[in-house]
Every structure is written in C-alpha cells, then in structure tokens.
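Naming follows writing order (A, B and C), and every chain is counted from residue 1.
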Amino acid sequence: MAPALLLLLAVFALPMLQYAWLSTQAQTVLTELEPQPVGLAQWQRLLQDGRFWQDAFQTLRFGLCSVGLELVLGLAVALLLNQPLRGRTLLRTVSLLPWALPTTVMALGWRWIFNDPFGPINLLLAQVGLPTVSFLGDPAITWLSMVWADTWKTTPFVALLLLAGLQTIPADLYEAAALEGANRWQSLRRITLPLLSPYILIAVLFRLAQALGVFDLVQVLTAGGPAGSTESLALYAYINAMRFLDFGYSATLMLAAFLLMLLLSGGAVLLWLVSRPRWAGGQR
Amino acid sequence: MTAAANTNGSKGALKLQQLGRRVGRQQLLESLSLTVQPGEILALLGPSGCGKSTTLRLLAGLDPASSGQILLGDDDITATPPADRGVALVFQSYALYPHLSVERNLSLGPELRGTRPELIKEDINRVLDLLQLQDLRHRKPAGLSGGQRQRVALGRALLRRPRLMLLDEPMSNLDAKLREELRAELQHILRSIGAPVIYVTHDQHEAMGLADRIAVLERGQLQQVGSAEELYRRPANSFVAGFLGNPSINLLSLRPGLLIGLRPEQLRLAPAGAAPASTETSLNAQLTTREWLGDRLLLHLSSANGPLKVMRPSSDTLAAGLQPGAHLEVQWSRGDALCFDARSGERIEPS
Amino acid sequence: MNRLLLILWSLGPMLWQLYTSFRPNATLTGNPMQGGWTLEHYQALLGGNPPFWRYLLNSGVVGLSSTLLTLVVAVPCAYGLSRLGRKTARNVNVLVAIAAAFPYVLLFLALLQLARDLHLGNNLLALSLPYTGLSLPLAILLLQASFRDIPPELEEAARLEGLGLWQRLRWVLLPLMAPAIASASLLIFLFCWNEYPIALTWLSRADLLTLAPAMARIAGSSVFTVPYGGFAAATVLGSIPLIVLVLVFQRQIVSGLTQGAIKG
C-alpha cells in the first residue's frame, strides 16, 4: 500500500500544497523566474482581473449547460438501451465510440464539421436555402458549439452510468405501478428518477468536475476564441504559465478553479441530501 | 507428504479449555471446555448466532481466541497459524476455487505445500475413488450439483490428512432428501479419518443422526454435552428441552415457580371427564386444529394453562375422530414430565 | 427509429471525417458530390517527419507501460484496502473517489515542475509516473470492489491449506479477478492514450509526441488555410486503434465504467 499512497500524495496532494505556496509568490520573467514572496497580492489581482471573472463565468456556463444536456440525453439513451431491443449490445458499443476517442482527435474533427461554409452542417443549411451559421466565429454561438461537441463525446459515459443504475431497478416495481394504473411518464417520475438519483448524483459530480476543468477541447477546437469567448479557467491558467511565464498567478488561478469546483460539487451533494428524505430508505 | 505423514501418526484428542472470544463488548463465546476423542464426531448444535461458527473459526485459527486454550494431542495450538495446525475445514459454501477443475481444486494445496507429484496423484485417485468423483475430475465447480460440490470439499479436506476435522453446516445447501441419503455415507467417511471431528449444524436431526455426542450452545454458552438420548431424556434446562425434539416440547406452568415440560409424543388422549390412572396426570383441553402427517397426527389444543401440542399415531381412533372445538382430557405419566425452574430454566429432579 | 437516430448521432461525425479524408483538398471547398478520390492525405501523414504511426507507437508505449505500472502498484493496495474494516475503507474510498474525479488538468503546472526538477521531460517511460499516479484512484476503486466480491471463505480455505499470502494472490485471488483486471487495464490504457495536458507539457521533441499533443500540433500548424483533408486523415488514423479496442473489448470497458460508478 505504501507505494500507492506515496504516488497518490505526490500526484494529488503535493501539487495542491505547492500551488498554495506558489500563490503567495511572484515568479515571472521580472523576478528572473525565482519565486519572491508577495503575500496575498496574487489573490487581490485575481479579484480585480476581469478576464478571470469572464473565464469563470464562461467555464461555469459551459459546465452547467453541457452536464445538464448530457444528463437529459444520457437518460434518454439509457432508457433506450434498457429496453430488450435486437442488437442492443452492438448499439451500446456504437454509442460508446465517441467517448473512447481522444478529445484532441475529435475536437479537430468538429472543427471541420463546424466549418463555415464548407462543413457538412452548413452545406446542408445552404442546400435548403438557409443562411450558414458561423459556429466557430461568433462569440454568441461558439460556446454552444463547444457544448455540442462535449455533449457528443461524453453523453455515452453518462448514459452507461445511468443504464447501470436502471438495471438495478427491479422490473416488478414497474409491473406493480402498471397494475395501479400508472402511465409511462408517471412511472418514470415516481419510480425511475427517485431510484436513479444516486447514479445521477455520481454522474453529475464526476462530469461537473471534468467539465469545469475543460482544457483539451477548448484548446484544439477554438483556442479560447473568438475574442476569448470560450476561454476556460484551465486554459487561462495554462496560458499564464506557458505563454506569460507567470507561474505564481497561474497557480493562484488553478487554486481558484479548484475552490470553485469544490463549491459546486458541495452544492450538488447538498441538493441531493435535501431532496433525499422524500424517498429515503430505498438505497442500497 | 512428509508433514502430513507425521501428523497422521500422532492423532490425539482435542481439548478446549475455557475457550472464549470477545469482540469489542460482545462476548461471542464464553469459557467453553470440551474434549473430543480421535474418531469421535461431536456436533455443535444451536440456533444461528449461538457461537458455534465462532468456535469453529477459533479451532481453525481463522480468528484469534481472547481467552483459554486449544490443545490437540500434546500440542497447544491456541496461537498456531491455521496452516500449521493440521486442521481441515469443510465450509458451508464449500469454498471451492471456481476457476479450477475438481482435480486442480484438490491438488492445488498439496502442490504448493511441496508434496511430491506422484504422491499427490496417488492420494487424489484414492480420494476420487472413495467419493465417487472419478468421472467429474475435469469439471469446474459451476458444473457440479450441490451434493457433488460437497464431496469435492470433503475430498479436499481428506487430502489434508487432518489431525482435526471441522465441518460447518456442510448439508445446509442440499435439499432435504439428499441430506438423509448422505448422512450415513458422511458418517462413515468422517469416522475413517481417525481424528476428532467437529460438526456444526443447526439441524437437530442431522446432529442426532450423525454425531456421537452433541454440544448445545446458546448465546455463546455451552448448555449441555451428551449423547442425543441424554439430551432428549434429561435436558439440562428448558432451552435444551425446547431445542431438541420435533415438534418441540410443551412447556406449561401448572404450578407457580415451575415449568412442566411435556413431549407431544408422550401425551395421550381420553374423552372429556375420564379419570386418569393413579400414576398419571390429566388436563382438560379443547382441539383447535389437526395436522395429518401420514403415519401420525399432530393436534393443536388449547387449555387453561396455555396451548398444547399432542402427537398421536394415525391409528388412534379417538384422535382421528375429533372435530375442532371438541373437549377432551390430555393425560401423561408423571414419570415422563420434566420439571424446570421457571426463573433459571434449570431442570429439577422431581422430589 | 430511435436506434437509427442514436447510430447517426454517434457515427455521423466519424463517417464525415472518413469521407473527407479521401477527398482532394480542392474539392472540399466545392460541391461535396463532385470531384474524385485520393490517398494523398494518408500518404502525406505516413510519409511525414516524423511519420504519423510514430505518434500511435508512442501512445501505445506510454499506455502499456503506465497500465502495467498502475496494476503493479494498485493490486496490493486494493487488496490491503479490501481487507480493512468496512468503515475505514469507506472513508479512504471517499478520498480515492474524489481523486478519481479530480480534474487533473489543474495539476499540470506542479507536475511540470516535477519533470523539470527530476529531468523527466521528453522521456516516454518517465511519463508513466504521472499517468500511474493519475490512474491509481480508479484502479484502486475497481480492483478493491472486485476483491470484496470474492467470498472470504475462499481465501480462508487456501490459508488452511497452507498457502501463503503471495500464493493465495497468485493462484486463488488474481485468477478470479481477471475480468476486473482486464476492465481496469482497458480504462487505464484509454486514459493514457488520450491524455493531453501532461503529455503536452512533458514532451517537446516531435518524434516523442503521443497522439493527443501531436493532434493538437497538427491542428495548430495552419489555422487560416483549410488543409482539412489532412486533418481528417489524421483523425481517422488516430481513431482506428481505439475503435478496434472498443469493438473488441466493449464488454470489459462497459463493466469497468459501470462497476466504478456503482461500487465507488
């Protein structure tokens, strides 16, 4: 157990401590890349940094929208795959493919699909006489394109999680509900969703954490553009470290992103706990 | 087989001396003292949670004892690691390795202990013959029936040439018919080992049919040890009296401070108002329901002193002709009645 | 109908890439129905410097070595945790699960510092170290759940037969864990194959790049022209190994994903 513990500490705990220390230092080209203590100056700078707040907003917007969309679509796919269909395994495999691909690979693919005017979507729009859409060139639209691409990639993951949850619900519950005259919508609301809630929580927590750390997708699909409208906190931190060589501030940004994530995850858990008593007792 | 051969030569009695196990505040087993001779089969009988499995795990060395000693022959094995005790255990679930064939299930242990391959082969063939498993040697456990799995588990234990043989409810996963069939065969095999055998069960029929002596446990405490007949005829207390016998004994408080135990099969019926013989006692009762069990009838009665069960042969014309609601006299010989102290439950010899 | 929609949604973008990858660049900006077919994009990629297969090979090497290392470290740890009391294990597992969900991109700066201090940059095998650390939480959760699924009597029976800890692991426990180990290995391999930010910062030599940063480099090479045929060919080549992997091992992957969620 010792080597595992050491590695975990080295990879997870140590960096966080290092950031905590680095966020009280200035380490830039101006200090000749040597750390110099500056107290809480980095944090003050963060609070006054418009770009930070904009990126925080954009990251949150992206995270909440894509996780929400993935949840709805994922549930739909899971319900579909939970039916005794012919070729269900093949269908599951096919729907899993987008998830398995490297983000950078599929981001590059989406850049071409979203192309204006030569991407397939715009070709189709042009064919039926509609104006083409600047999927990657319009600040009001580009972030939605990013949500789209992310949803495409991660819905299978959410769907599989929820499918696993669906399969733990005994069929006789539905039969009992049907005997009592519940229609499909009612049994979804009264049986499926309550019993699925622990799985939904897991999916939301995991996906929210990943979505709020979005990096690969932004960097390859939009590079944060147009006009910084899709830049995420992780990308901003990366740019600070690798382009501006401002390590102290980069560390501050990452800690801030981490805290934001903790806050949101805590909120999600709290929400779940508050809504749970209504169907408490049925948990595993 | 050197180690096993050595242990084979020195089969001694098993002696438990004030053995106890406590986990946190819970006393799972309290000061158990017992002796089991080589070749003797002792059944540990009791309801679930009575401490019988705890005892078995202490003997196997899977759990540490909190107090007392375990002696096997001349050795104190209280602190000996399980592998070095020369103990074999047949688990309730059989614990066969699911990924290995019958043959490999048997050979894995001896192989890894470094036994010579020729010896292993010889031993395995002997055990497979004994247990009639030759045709199944290449099957995996999943392809075996419950009874076959039990025999493989038994075979694995036999191969160990144990100085002490332990069995944990080996029949509980089998259906009732098979259990009856296997009992005699199992008894024969267990006796042939020549080591002390401890057989844990909650089934009194199994214990009575298989064991030389029975130890009844309840709440971690030994209630009584003895032959099945002793336990049945002279139970140490009302718990033992109630636990052995089917249907279970009637316990009535006919006199303050005393519980009278009446076995349903020792009760007789007479028409209402009939006077008992001088050596007998009689109680007025009313029939509630009747169960027909083929050769016997089980009658449920209610009396002023509480409900009563009476077992009669089907040939009893009086019992067979009764309708629910009928009044009658229940009679028994005074010598058959068992007396218990109502508070402690201990049996009292009638004065 | 629903099924068709799902298949179209999942495969459509990939099929479009496949189609594009065989089309001459000139036709891409014209009518998609006209123009011929070409292999030039693939030829350019495979004949490039370094050739594209090099990236796949690098990713494979890192993926395999990280998977192996992770298993070696995670198996004993998972075994130890599975033998702890339920309550203690639960508390530890909450921490491990948090680490598993942690958006590790936030760690890149500190890990980069580590690479610089220990001179681990531009070394494929050294890259296995952070990858192992990052995959450990998931591996520990999966393997531990599977250890717990093995009835304790099985190990006790082996103990009574005189098998030592190592023998029990080798002959009794690990064979029974084969499915779980396969699931965990596949998920770890997928993660390593796809990992981007750490590879991006630890590797700078072109011939050492793994697939993900290589892809980004290709993407960044020409933002204003439209060499999409080449891009598409790269996405196709980069996807094929994974598609094969998913098709062959879909059962193990699915069970790994769902087990992780149910038991974690």
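Keep in mind that, in the parts below, a residue touches a chain if its C-beta (ideal position, glycine included) is under 8 Å from a C-beta of that chain, and two chains touch if they have at least 3 such contacts.
On a predicted model such as this, the values are computed, not experimentally measured, just so you know.
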*Write down the pair of chains with the top C-beta contact pair count.*
A-C
*Based on the averaged CA atom positions, which chain is farthest from subunit C?*
B
*Which chain has the mean of its C-alpha atoms lying nearest to the mean of all protein C-alpha atoms shown?*
C
*Quick one: subunit A and subunit B, Cα centre-to-centre, how many Å?*
60
*Please compute the C-alpha centroid of subunit B, do the same for subunit C, then give the distance between them in whole Å.*
55
*Distance from the CA centroid of subunit A to that of subunit C, rounded to the nearest Å?*
18
_Considering only the defined contacts, which subunit A positions touch subunit C in the complex?_
1, 3-5, 7-8, 10-12, 14-16, 18-19, 77, 80, 85, 87, 89, 91-98, 100-113, 115, 118, 120, 123, 152, 156-157, 160-161, 163-165, 168, 199, 202-203, 205-206, 209-210, 212-213, 215-216, 219-220, 223, 234, 237-238, 241-242, 247, 250-251, 254, 257-258, 261
*Which positions of subunit B touch subunit C when the two form their complex?*
60-62, 82-84, 87-89, 91-93, 95, 97-99, 108-109, 112-113, 156, 160
_Touching residues of subunit C toward subunit B in the complex: what are they?_
151, 153-154, 156-164, 167, 171-172, 175-176
_Looking at the complex, which residues from subunit C come into contact with subunit A?_
2-3, 6-7, 9-11, 13-14, 16-17, 20, 28-29, 32, 73-74, 76-77, 80-81, 96, 99, 101-114, 129-130, 132-134, 136-137, 140, 190, 193-194, 196-197, 201, 211-213, 215-216, 218-220, 223, 226, 228, 231-232, 234-235, 238-239, 242-243, 245-247, 250, 253-254, 257-258, 261-262, 264
